[in-house]
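A quick write-up on the structure given underneath.
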Amino acid sequence: MFSVTVRDHMMIAHSLSGEVFGPAQRLHGATYVVDASFRRETLDADGIVVDIGRAAEALRAVVGEFGYRNLDDEPDLAGVNTTTEALAKIVADRLADRMGDTGLDGITVTLRESHVAWASYERPL
Amino acid sequence: MFSVTVRDHMMIAHSLSGEVFGPAQRLHGATYVVDASFRRETLDADGIVVDIGRAAEALRAVVGEFGYRNLDDEPDLAGVNTTTEALAKIVADRLADRMGDTGLDGITVTLRESHVAWASYERPL
Amino acid sequence: MFSVTVRDHMMIAHSLSGEVFGPAQRLHGATYVVDASFRRETLDADGIVVDIGRAAEALRAVVGEFGYRNLDDEPDLAGVNTTTEALAKIVADRLADRMGDTGLDGITVTLRESHVAWASYERPL
Amino acid sequence: MFSVTVRDHMMIAHSLSGEVFGPAQRLHGATYVVDASFRRETLDADGIVVDIGRAAEALRAVVGEFGYRNLDDEPDLAGVNTTTEALAKIVADRLADRMGDTGLDGITVTLRESHVAWASYERPL
Amino acid sequence: MFSVTVRDHMMIAHSLSGEVFGPAQRLHGATYVVDASFRRETLDADGIVVDIGRAAEALRAVVGEFGYRNLDDEPDLAGVNTTTEALAKIVADRLADRMGDTGLDGITVTLRESHVAWASYERPL
Amino acid sequence: MFSVTVRDHMMIAHSLSGEVFGPAQRLHGATYVVDASFRRETLDADGIVVDIGRAAEALRAVVGEFGYRNLDDEPDLAGVNTTTEALAKIVADRLADRMGDTGLDGITVTLRESHVAWASYERPL
């Protein structure tokens, strides 16, 4: 199995609902350094999983939909508890939509919220 | 599949038994930067795999059992060749015990012994 | 010259005032990974610049004053444009107050806002 | 499952064939930071997946076959589009040959071409 | 003293002249991860050293002049031994020209050629 | 001012004397990832501060004197409290001796003991 990963980031404000989150129930924020991995069983005719430039553009477009925003106010995210895990899935699903029918077998998205904590979501395509 | 990872570290002395280890048969030491990943197929009602704060506390408790110790003198580790791989399993097993019945599907523990070498152990729950 | 550095982090929301900031004028957020360096010309009687544990506690206390907060609402920061550079100075000054009369010659604080941007403030003591 | 990973690097020149590569069709170069992971279901009698020193030597030997070379001129690579993905497979296959019959279950090789892009190839043994 | 740093990268081919370089006398290549730091004694009216977006664009423009090229064929670099140190100075000087009269006190540029080696050049403005 | 930095590591056991060290008074250990920076005002005739290969060999030799040892038993270190700061100075001084008369202006050595703590020593030559 082959994979290609590209990295970008987004800086957002949000709050989390639920006692388990303690002080993170308050409005605060995060920089998410986002790694998007694309998997393919075999390489295409150019010898690649996906063009790194094209992958980077797709990721840039997806993180651009969140960046410099308060996620509590985003209509698309109404009712979503925007935990790091949940956001990883949303980024992965949006990337999957954006990449379209490209022969990819799967996508994994990792959101690093600090030097000591991160979350991932992995899905087939 | 979702995962959440938290990072901590421990600083230990030990020696390794076996000719394959060359100079590492002598008493020496290591800082292990420890990454503990928790996996779940679906998110819980709070939208998380496990609370990052709770995961970090569990990891801190486990690495605290080793930190600032000579592993050669630990009764719990008597007869164990405390290689990086073997320690990764011990940390993972202790974390599994400590997390209890939380709906998690698996744990992976990675011990980074330097900027150029690390080892992991992955297990279901 | 000797130095000792410890790392912690804080997750905050804020907005920035000024056209130069473009989309960062909106309410958004950041994880700041904070490195605090303490400098001393010579080591003390214990052979240290400052105890790493004590330095880590001081930094934890200072970043705890900001963490999980919306800086736009903090009375202490009223009228301050909380840019990465400005926050680096505030963290450094609060650390200096907290460390007290310890024979240190200077402090440098670096706030990393992403994998591609960071800011520092350096001051004597 | 256990794994052990070692890191090395190689600095090469090459060009890529295919319009998808845009400016990377020109002769340019890369530093590949190479992570080689070795997997084993159970540890051997010494308590290891593979000796880290031996793994590092094998990786050093393999990257030494590429280092400080123009891959466009390497007879072994004639007709190969030396993308990051394709090189990851070549490194993994050469490592597999070099490790021989060691009870390993698999190898994964990751080539990091920058702080924002990398590729991997994973194979059984 | 304040500083702001931004990171980008460039992937180039080149060869080095001089016996000291051993195998690096052959045509090979490198990814340089480039950190550009801008220094100012005091912050400007917006509370910044330099806008991070503007600094990133300037750095992108400068590394774009080198990226995906064989430096041995660049007329601008004729007669220059393009060592990591020498390139750090060229990048710093071009950045200084591009930033113009901005009240900055100095620039430092670091080129990371691998996970184990890097070079810097520091100059006043 | 130019600088070149190379990275290596050493894995040691030791204990620290003094109540300030708390649990680190017990025999424990550390991996020190060691960065050695060499400074020069101007480049030499080859366009370098120091050959990266030569610098790496010198650093490897110095860290090899400590690696896989219990520093409490080293005659050369008798009576030394081997804190991270103190070791940074010893490594820097040994590197200075080893480099000899090379036109260098200074050396800085940083020992990273974990992902959250490190110490440096800077000296002229």
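Quick notes
Letters A, B, C, D, E and F mark the chains as written, and numbering starts fresh at 1 in each.
Operating definition for what follows: a contact is a pair of C-beta atoms (placed from the backbone, for glycine too) under 8 Å apart; a residue touches a chain by one contact, two chains touch by 3 or more.
Since we're looking at a predicted model, the values are computed, not measured.
Look at the CA centroids: the one farthest from the centroid of chain A belongs to F. Homomeric contact chain C/chain E is classed as different-residue, with under half of its interface positions used by both copies. Averaging C-alpha coordinates per chain places the centre of chain B 28 Å away from that of chain F. Separating the centre of chain D from that of chain F, both taken as means of CA atoms, is a distance of 30 Å.
Look at where the CA atoms of chain C average out and do the same for chain D: the two points lie 40 Å apart.
Listed for chain A are residues 7, 113, 115-116, each touching two or more other chains. On the chain A side of its complex with chain C, the touching residues are 7, 9, 11-14, 23-24, 26-33, 67-70, 113-116.
The residues of chain E lying in touch with chain F in their complex are 17-18, 20-22, 80-81, 83-86, 88-89, 113, 115-122. Residues 1-8, 43, 46-49, 51-54, 56 of chain F touch chain E in their complex.
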